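What follows is chain A paired twice: with chain B in the first complex and chain C in the second.
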Partner chain A sequence: MSEHVFQDASPQAPSGGFEPPKTSRRSRRLLNSLPAALAAVLVAVAPLAGQIPALRARADSLLMQWREAQQFADLQDSLRLGRERGGRDTIRVGALVFLVNRSPLPLREAAATAWPQIERFYGPAAQAFAQRPFLIQAVDPDTNEDVPPGRAIKILWNTEVAPLARALVAMADLGPLDPALHDWLGGVVVPRFDSGPGHAAVYIQLVTAPSQAAQRCYRGDRAACRDALSLSAMTDPASQWYGPAERRALVLTQYGDFLRRTSHGLAVRSCEQGSDESCLELLRSLGTLIPPLDYQARLTFLETAVRVGGAETFQRFLAAPAGPMGGRLAAAARVSEDSLIAQWRTDVLAARPTPVSLPVLGAWVALGWIVVFGTCGLRSSRWRVS
Partner chain B sequence: MFRVVLYGQWKWSRIVVILGSVAGFALPILSVQGATSDPQRAMKAGELLSVIRSWGVLYPVLAAAIGLLIAIATWTPDHRGRHVLALSLPLPRWRYVLLRFTAGLVLLVPTMLGVLAGALLASATATLPPGLETYPVALAIRFALALAVAYAVFFAISAGTTRTAGIILGLIGTVIVVQVVASTAGIELDLTSPVQAVVMNWPGPLAIFTGRWMLIDV
Partner chain C sequence: MARQLRWWIAAPLGACLAIAIAYLPPRPMPLLGQRFFRVFQTFEPPTPYRLRVQELAQRYRITSFELTMREYGEAMRTELDRRRALELPGPTMYFAGPDSLSDSARSLVRALLGTAWSQLGLGASKISVGVVVRVVFDRPPGGESPAHMPAADAFLLPDSTNRATCLAYVPIIYWGRAGVLRQIHPAPSKELAELLRNGLGTCAYFAAFGAPGHDIGRWLESRHYEFALDPWGLRVPPESTRAGSLLDEDKPWFWSFVYRYQPGAVECMAGRADACRRTAVAGGSRDLVPVVSAERQWWKPPSLAGADRYLADLVDDIGPERFGRFWNSELPVDTALATAMRMPVGEWTRRWQATIVPPIRLGPVAPPSALVLATLLGVAAVVLVMLTATRRQVR
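Right, the complex of A and B next:
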């Protein structure tokens, strides 16, 4: 299926007028000696000149054979692709529908593992998957052939059930049913509840994000959490997310090069010299800013809402009228927005990562190894008399 | 007897012990230079963690280096004297080696205390952004264990004969050669990864060296 395009490798003259550069004395001397050099080359290759037609004929013949081979390869590819597309099975597990080529991929078993989790998260809304079949291309892991292009999700057919089930859960995204949710989240909805590592990552973000909103949220300010997660209407993210020093750092480190290239050099200099007005203006002119808490934080907030509100939360959320995301999620979870934020913050703080990565038994294990190696020293063969 | 052996080893390894203690004391203090109340020099939480992480690489390196040098210094007098003194003593061999091993362990203590003192001082003087905390005792315990493991490993190697060292090196070389030959022949054989996993992951002997060494963390 690959297209081979031959291109003339010779350098192209510029399309505009070409003006020869002024030559120096040395280059003029070189140019003067060029005819002599050319004559020498011609004398050297003169015996080959008679063979040129024969060589050209052989090259043409080779090219013809290559083209024929290419046609056969293309035909073979298209036959294989047609066979793969035609021979798909339909597998249904719950509301999940998979169109998959025949292979040893344990899709049914994996889907049986994934479906309860997906249904627990989306509730009745999960029935929407019946109208959204997954097109899956199981790929032979022991081949170097190119995977045929297309919309099908490619999975190696020796993938085991557990990782395949996790992949199916990650693919079960109903975010596109609600474009506002999709935009707010900035990624796919992953229907999962056991996101301990996810909460731990958000904990680190809360502590380390260079944003006053995130830091105030960490200290317990719910309004700041609302801003940091963009749960309310964000009229001015530059001032809602960041303080003066953070704005200046943002302008100079994240956007400095871009702003200088787009003729904002004076304003950047003014911001650098301490004018917060200039920093604000520059950040506002960008339109979109890097949010202090990323996709992971928003996904954990959605997860908290679904956990608090129960199985029908997502269904209620899809039915809720448009508006700020915090209000919609809180209404779907049937709690106040403040309660939902407080619950999310509690979940995140509870997932504080282990600071020193020494397991509980680590010290004993290390002491054991000290004894083992010490004993090896005692038992060494030096001085042994045979 | 132990005091004599200890004194002998101290004479051979005092420079290493002193330098190790100074380095161990200085390392935590140098690593927290960004944790200050001076607004001009104070680092944000993210930057500070990044700097602490970078400095953290030096703790296992220091532990391995000091462990190696002390282990070598432990056996140097015997190697120099061709073990004549050791063989002339009215002691069983195992007891003599145990005295050497214990004396070497005692000589590791100043470096361990140096790290603990440095970490405690650095923690006391650091001004941290909200959400960050110091872990001087946990870090010092981990360093002490890593130092002792490194010392024990190199002590065992130094105590062995050239033949033993040759066998160990030969085994490592065989694994590498087999891996290279298998890779060249296109055979799916991965020997190094399982060996690495056994040695470097818990409860492997060198697992204590891996992971993050953070004096300051969330």
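Right, the complex of A and C next:
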């Protein structure tokens, strides 16, 4: 990197004329600079003294104006929302409240199916939905109709009960009540226990994720599960999640293009040549890494906690003090963190996907089709008449 | 016409009709797409009051930032005065949080900032620089007030009330992520060094060259110092700026990001020197505040692609002495720039822009690759027809 050296651009004092009394070089310099320093201090300090209170007054005044404008804006927004809500029916099922326009949408039936499931998951915390009505706009399935603008959730009115109930469950997200949970999960809380397919997907992740933490978790190392699911404070994910070979592969395959474009070409080359230090530094510089186990895995862990802890788990979780997610969930489920991890791992291993086996007959059928197509190809006639 | 042949003609026509029914107007979007997107919310534009709230919030943030920085400046004043009096090189540092930051992390930041200062060739400066470093480990909770400190480097520049001090605010944001400064014994990293060096940003120009000339100062102020946000000597590869501005021509979003820029900037990317000159020397907003922020708003691109490093690249190109003469010049901006560049402003800017974004082609011109492909397809079609006709010959 080049270094620039700057010359002092201040004008030199003219030589000759008044000769000051002989003093030491340092005190002469101080004496020379004293009036200038005094002037500078006076210029700098005098207006500053009054400036901070003036700025504070201005900030306070702006804040007041902002609050006032905010009230008007909220009023205008609520009027707009009121217009949108106008002429809608209110449907209450359990603590769920729906404001919906008139249509053949089977909302009440679907809500009656969804509510027990939601209540079973959230327990008493589900009462929070009474304060959070869902604004729903049933829209015409005819695609020539324009979709009206607005905040309402748009659903085709010919949606059937079962898919509508599933949609209502997916919409019942209390994650925003706890931002830490929302951040950890990386998505919405879906209050669902039927996660057989979810556990199977997590099983595949545990087996195939290129992460030593995930693989050790699969083999039964609970500390590794804790790391893979980010249940404890993650001080260095690059080393907690991935081993040296995985780090190198991650740098080269996932982030290589980005890193080379952002002036890290040398470090990427060094990582490629086997320097784990370079790989680690590159991954640390990224800040955020792809976690070995994704949202699905974390959701199944939350679900395990709720299942183990019973109906009041979510309520206890919301009341628990801030801290690592593993500890909070375990405390809410009233078990130790290790037991909760062990239970989750057992559930995941139990959902091992059934291996696909090819029946003997299937092989013969495939071979038969190959023969049929081959014969047809060979017997096709040309159009030429000779 | 043979019966089979009729089927061959009827089937494609039927398929075309089905596709037309699905895709053509009066339906505004494809059948499948519309069904899919209908489950999402649709948004209305904000009300006039909401726009007013946003404008007030923005003004409040600027004032609040200025106030906070002036308070930090007061806290640093003794040290700033002492350094100035003793002509000590280097910036004055102030850690604005958090208290949990380890002593070794503080020492590391101090050392890296000192290194950055000397790398930029900044000795004892007439305009003192105070650097406020704030390490943010966790996401701040949302509150009622619209105030928040910037999430990128920001500066409180010398103004009529305090001509001798420039304050830089350098946030190091982790928001729950792992980071060097979280470690008990942090080791220096290239990223942290660059972040701190960039943090000196606009203040580095004031420290090195003093206050700008009258016209130059007004020009820079009206542009919110967007050309002087990065310090010189970084030698950041153009690919990095290109990727940062999402102007990588290999990416599918390239053109949509090109057309987010103002027409003058797009013309400059196309290599039109006159547009480059116009865009570079144009005046900006009349709203003059001593606060400059490097915080980018994705919907509001800079006036030129890579504008942050315009003056930094100029320093690297012409050297600090010539740049210093430009910075302190009392000539009009256009003349001062051209004198420093020793060529027309438009020409230098055109060449500089080409290093950031490879020149684009404007107007309805098909790319050469598409022309070649179309010609090859045409030739292939003709050859196919000729072969078929030969095979179907009746002798």
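The rule is simple: the second predicted complex is superposed on the first by the 270 of 386 C-alpha atoms of A that agree within 3 Å, B and C clash if a C-alpha of one lies under 4 Å from a C-alpha of the other, contacts with A are read in each partner's own complex, and residues count from 1 in each chain.
Operating definition for what follows: contacts are C-beta pairs under 8 Å (C-beta built on N, C-alpha and C of every residue); 3 or more make two chains touch, one makes a residue touch a chain.
None of the values given here were measured: they were computed from a predicted structure.
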| item | value |
| --- | --- |
| First, second, both or neither for A:A59, with chain B first and chain C second | second |
| Partner chain(s) touched by A:R261 [first = chain B, second = chain C, both, neither] | second |
| Partner chain(s) touched by A:R151 [first = chain B, second = chain C, both, neither] | second |
| Touching partner for A:Q51 - first (chain B), second (chain C), both, neither | second |
| Partner chain(s) touched by A:A363 [first = chain B, second = chain C, both, neither] | first |
| Superposition-derived comparison: chain B or chain C, residues of chain A touched | C |
| Chain A residues contacted in one complex by chain B, in the other by chain C | 382-383 |
| Interfacial residue positions of chain C with respect to chain A in the complex | 26-28, 31, 34-35, 37-44, 47-50, 52-53, 56-57, 59-60, 63-64, 66-67, 70-71, 73-74, 77, 81, 84-85, 118-123, 126, 139, 141, 145-147, 160-165, 174, 176-180, 182-183, 189-191, 208, 210, 232-237, 239-240, 242-244, 248, 315-316, 319-321, 324, 328, 391-395 |
| In the complex, chain A residues that touch chain C | 1-10, 33, 37, 40-41, 43-45, 47-48, 51-52, 55-56, 58-59, 62-63, 65-66, 69-70, 72-73, 75-77, 80, 139, 141, 143-144, 146-156, 167, 179, 183, 234-238, 258, 260-263, 265, 267, 281, 284-285, 287-288, 382-386 |
| In the complex with chain B, residue positions of chain A that touch it | 203-204, 206-210, 215, 218-219, 352-353, 355-359, 361-363, 365-370, 372-374, 376-383 |
| Touching residues on chain B, where the partner in the complex is chain A | 44-46, 49, 83, 86-87, 93-94, 97-98, 101, 129-133, 135, 138-139, 141-142, 145-146, 148-149, 152-153, 155-156, 158-161, 163-164, 202-203, 205, 207-208, 211-212, 214, 217-218 |
